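Every chain is named by a letter (A, B and C) in the order it is written, and numbering of its residues begins at 1.
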Amino acid sequence: MTGPDWGRSLQTTEYVVQDTSHPKSLLSRFDRMLMPFEDVANFLAATAIFMLMVLGVLQIGLRSIFNAPITGYIDLVELSMASMAFLGAAYCQRLGAHIRMELLVGRLHGRTLWAAEIFGTLVALFIIGVLIWYSSGHFYRSFTLGDTTIDAEFPVWPSKLLVPIAFSLWFLRLLAQLWGAIRLFLDPSLAPVAVVTAKAVAEQAQDEIHEVMGDDAASENKQ
Amino acid sequence: MIFGIGFSDPFLVGIIALVLLLALTFAGVRVVFSASVVGLIGLVELLGWGPAAGIVGTIPHAKSSTYALSVLPMFIFIGFLAFHAGMTQQLFDAARKWFGWVPGGLAVATVFATAGFAAVSGASTATSAVFSRVAIPEMLKYGYDKKLAAGVVAAGGTLATLIPPSAIIVIYAIIVEESVGKLLLAGFLPGAVSALIYAGIIIVWAMIRPHEAPSVSGYTWKDRIQSLPGVSPIFIVIVIIISAIYGGWATPTEAGALGAAVVFVVALLRGASFKAISGSLMESAKLTVMIFSLIWGVLIFVRFLGFSGLPEAFTAWILELDMPPMVIMICILLAYAVLGMFMDAIGMLLLTLPVVYPAVIALGFDSIWFGIIVVKMAEVCLITPPIGLNCFVVNGVRPDISLGQVFRGIALFFIADVITIAVLLAFPEIVTWLPNLLS
Amino acid sequence: AEIEGPKVFWKISMWGNPRALSAGMEEMAKNAAEATGGNFQIKIFYGGQLSGARENLDGLKLNAFEGAAICNFYHPGKNPAWMVFSLPFLPLGDPAVDRHVRSKLFEHPALIADMERWNAIPYVSGLLPQYEILGKGKAPNDLSDWAGMRVRAGGGLGSALEKLGAVKQTLPAGETSTAFQRGALDAAAFPFTYAHVSFKISDEADWYTTNLTPGTSECGWLFNKTAYEALPPQYQEFLMSQRETIMETTQAAYAEQDKKNLPVFQETMAQVTYSDEQLAEFREVAGKPVWDEWIAANSDKFDAQGLFDAVWSYAEEAK
């Protein structure tokens, strides 16, 4: 299993963005339709991280210098964490960055590989589907029965609503990957579209290098 | 109920679930999915569909919205920014000027540079990757043995998880409900001890085989002093984090935010582009999502374990064994060594701690001490075959050094790690002294 | 067995470790097993194994477990009427009065209605002791000394201290001691005495208030309504008959703690004892306005005035 480490690739090489052979195929269009939504969602998560930094510095300053801490600072942070924890899920899935054990699947090829991918994606679709429905229930309870934070009594429901929203995007991305895997299972000779191929650990390591050093380092290594 | 066992036999339910979890994980199902789906199935067995699925639906939000976890995105962001601010090169330059003269000087300098970078990064693999590029070419230029050069970089990377900031330590603190600040402090000395033992073993090795690891001299005190301003942001971050935790003037999240802001400003002053900054942020967001997904996914499985009663049954069983606690502890550590060969550190801790931790505490061990020992074990697994990821990273950056050579180069540091763990077992004060100053 | 009946297994969700707050329920669980010859098994799951503290009401609504502890102030919006317990300066300083008032309130329609929404029924109060404030530095012997003081205090008590000019600090309970110890905080309010000891605040403080009795909160026990209604009547009767025993055991556990802690407090800290006039003034400045605000803010949700008045009339009864 490769580590949930601090440096992973933004531009993972194995992800095939464009399918030049069928530029207008339905799958291709679905795939590309999802991307901007995923990018924006991850960008919002990134913005939340930046704001968390700003808020933390402000809190230290206001408290230490002016003895006037931000009311409900902890509540604000807790409410904002849903954006960091969930919004990037589909983006992360597209880039194959949710961790898994590559020991076996990394050695598969052709039909067996795509069969394994189909199985893994079906499991994912099942649990994310269940989570969309029941995290909506969690949101709905807080919306109808009431729920506020401990200190400043901010309403909690907007934060809970982010879970089913982010997971729905994740579900769509998984659907695209399932579709892509079935297509390749039927004909492994096709050009991959909307799939993340399994990688050997060594390739995974190569990704980490890309990530910290950028593309030039990787191309240097190939020379 | 699916299997018809229900609450009657915690061990049986737990073992069926564990086998299913391992099968799905080995089949390549991503851990967030395999853990949560098995947790759901287990809960359905115990509670029926409605309550089980309902409970599962509460966990992602509930478990992610904890203030203590908000320190993670801050620590992650610091690491990415520090790299973009060019801190690695400057660290290595400073370290060689200060330590180059000792036997094996460049390798020793690499150890201290990785330890320094560990203070702004919690990434073992990223640290190894970066220093493979910075330090290995220099060492080879001075005639260092390839195996040693590769080994020191792979091993040095592991320091990143012990020395704060460290994601794994934060996650441990949250699972076992210990103070995040205390645990972060606790990692500091063991990280430093690990670095010193690495350095010591290099020096001994270099004295035996000087031609494989020559020293580098010729630097003046002026050179040394002049190398310091470049690395000062790292010391600022260390001072912020340690003094905030120790002095109580900021929570770990706030200290992380301030540290990130400092490195952010340094990166801007050093001309980091908007693209580099926004790239760091996008990367931080992706990594945050990945870690949080792992956390709530595994905690769905852990919720099932809680309902099953397995943790208590396991604790009772361990206590009935009537063996000396230290013998049991060594067995547990060996089990972690085996698990760590196949699993990544965070997943391993999340999955095992709910069962193992209560037993360890019932045996009378200190929870902070155990956390650091376990994290150190997980780090050793990053440099051991068959899938020591740090070694693959080094081999990836330097394809001219074969994987076999990297693993052979690691042998020396593996010995150092075994010594470190033995030292921490014998002298728990190394772990507990700093955090105990707090109370 | 004393009580005949079917085999039943009840799971009760609780966060944290076994403690004084859970002593009474543990006693009840033991009695249940004994009285039914092991047929009625009640197990308290600690450490949030079944649910986080803030999701216990969700868990009851979902029928995931048969009982749970809650603290009203963890989720004010989930139990608005229950926030009455967190109002400052309620006449609950005397443990006997406190016990009577809370027992009656647990049967009050507004509190029952709050729980009804979550498919829960109030069972028995945890009888959280009155808060007192421990602090460092200059002792606030006059009410004016509170101005500018940095205090960790939540809910109605926090609002009350703000009326005196104190600066309310938000901190997780676990981080309090560190902040306190190093001068980031001047004072902290917790249930007296055991919570001050368990959060290690007493090790550092220079003074403590002995008779401010500024208020308390409710951390109590609920049952899942569906599960309770499905019980045979003899089990239901048994549970309801246990409430006095539970409260006695719990209060004894708190008293046990006080017996250990108070001599240490008296030895290591200065005592801040207010005169009746000072207390009356404090109540005037920091009590009434907070009550009025709370009643006004909640009148559209339930009979807030009626509930507030009930507290005082129950207290009157007990005297």
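Heads up, the rule we're going with is that contacts are C-beta pairs under 8 Å (C-beta built on N, C-alpha and C of every residue); 3 or more make two chains touch, one makes a residue touch a chain.
For each chain, UniProt lists the protein as follows: A = TRAP transporter small permease protein; B = Neu5Ac permease.
What you see is a predicted model; the values in this text were computed from it and never measured.
Give the identifier of the chain nearest to the protein's overall CA centre, each chain being represented by its own CA mean.
The most central chain, going by mean C-alpha position, is B.
Name the two chains that are joined by the greatest number of C-beta pairs in contact.
A-B
Centre to centre, using CA atoms, which chain is the farthest one from subunit A?
C
For subunit B (Neu5Ac permease) and subunit C, what's the span in angstrom between their mean Cα positions?
Comparing mean C-alpha positions, subunit C is 39 Å from subunit B (Neu5Ac permease).
Please compute the C-alpha centroid of subunit A, do the same for subunit B (Neu5Ac permease), then give the distance between them in whole Å.
22
Two or more other chains in contact with one residue: find those residues in subunit A.
Residues 74, 138 of subunit A touch two or more partner chains.
Pull out every residue in subunit C that's touching 2 or more other chains.
Residues 54, 58, 61, 171-172, 184.
I need the residues of subunit B (Neu5Ac permease) touching at least two other chains; which ones are they?
Expected reply: 54, 58, 67, 249.
Which bits of subunit A are touching subunit C when the two form their complex?
Those residues of subunit A that touch subunit C are 63, 67-69, 71-75, 138, 141-142, 145-148, 150-151, 153, 155-156.
Touching subunit B (Neu5Ac permease) in the complex: which residues of subunit A?
Residues 1-8, 10, 42-43, 45-50, 52-57, 59-60, 64, 74, 77-79, 81-82, 84-89, 91-92, 95, 97-105, 116-117, 119-120, 123-124, 126-128, 130-131, 133-138, 159-160, 163, 198, 201-202, 204-206, 208-209, 211-213, 217, 221 of subunit A touch subunit B (Neu5Ac permease) in their complex.
Going by the contact rule at the top, pick out the subunit C residues touching subunit B (Neu5Ac permease) in the complex.
Residue list for subunit C touching subunit B (Neu5Ac permease): 9, 11, 45, 47-52, 54-55, 58-59, 61-64, 171-172, 174-175, 177-184, 200, 203.
Considering only the defined contacts, which subunit B (Neu5Ac permease) positions touch subunit C in the complex?
Touching subunit C from subunit B (Neu5Ac permease) are residues 7, 47, 50-52, 54-55, 58, 62-63, 67-68, 177, 179, 181, 245-249, 251, 303, 306-307, 311, 438-439.
Quick check on the complex: what are the subunit C residues that touch subunit A?
Residue positions touching the partner: 54, 58, 61, 73-78, 80, 117-118, 148, 150, 154, 167-172, 184.
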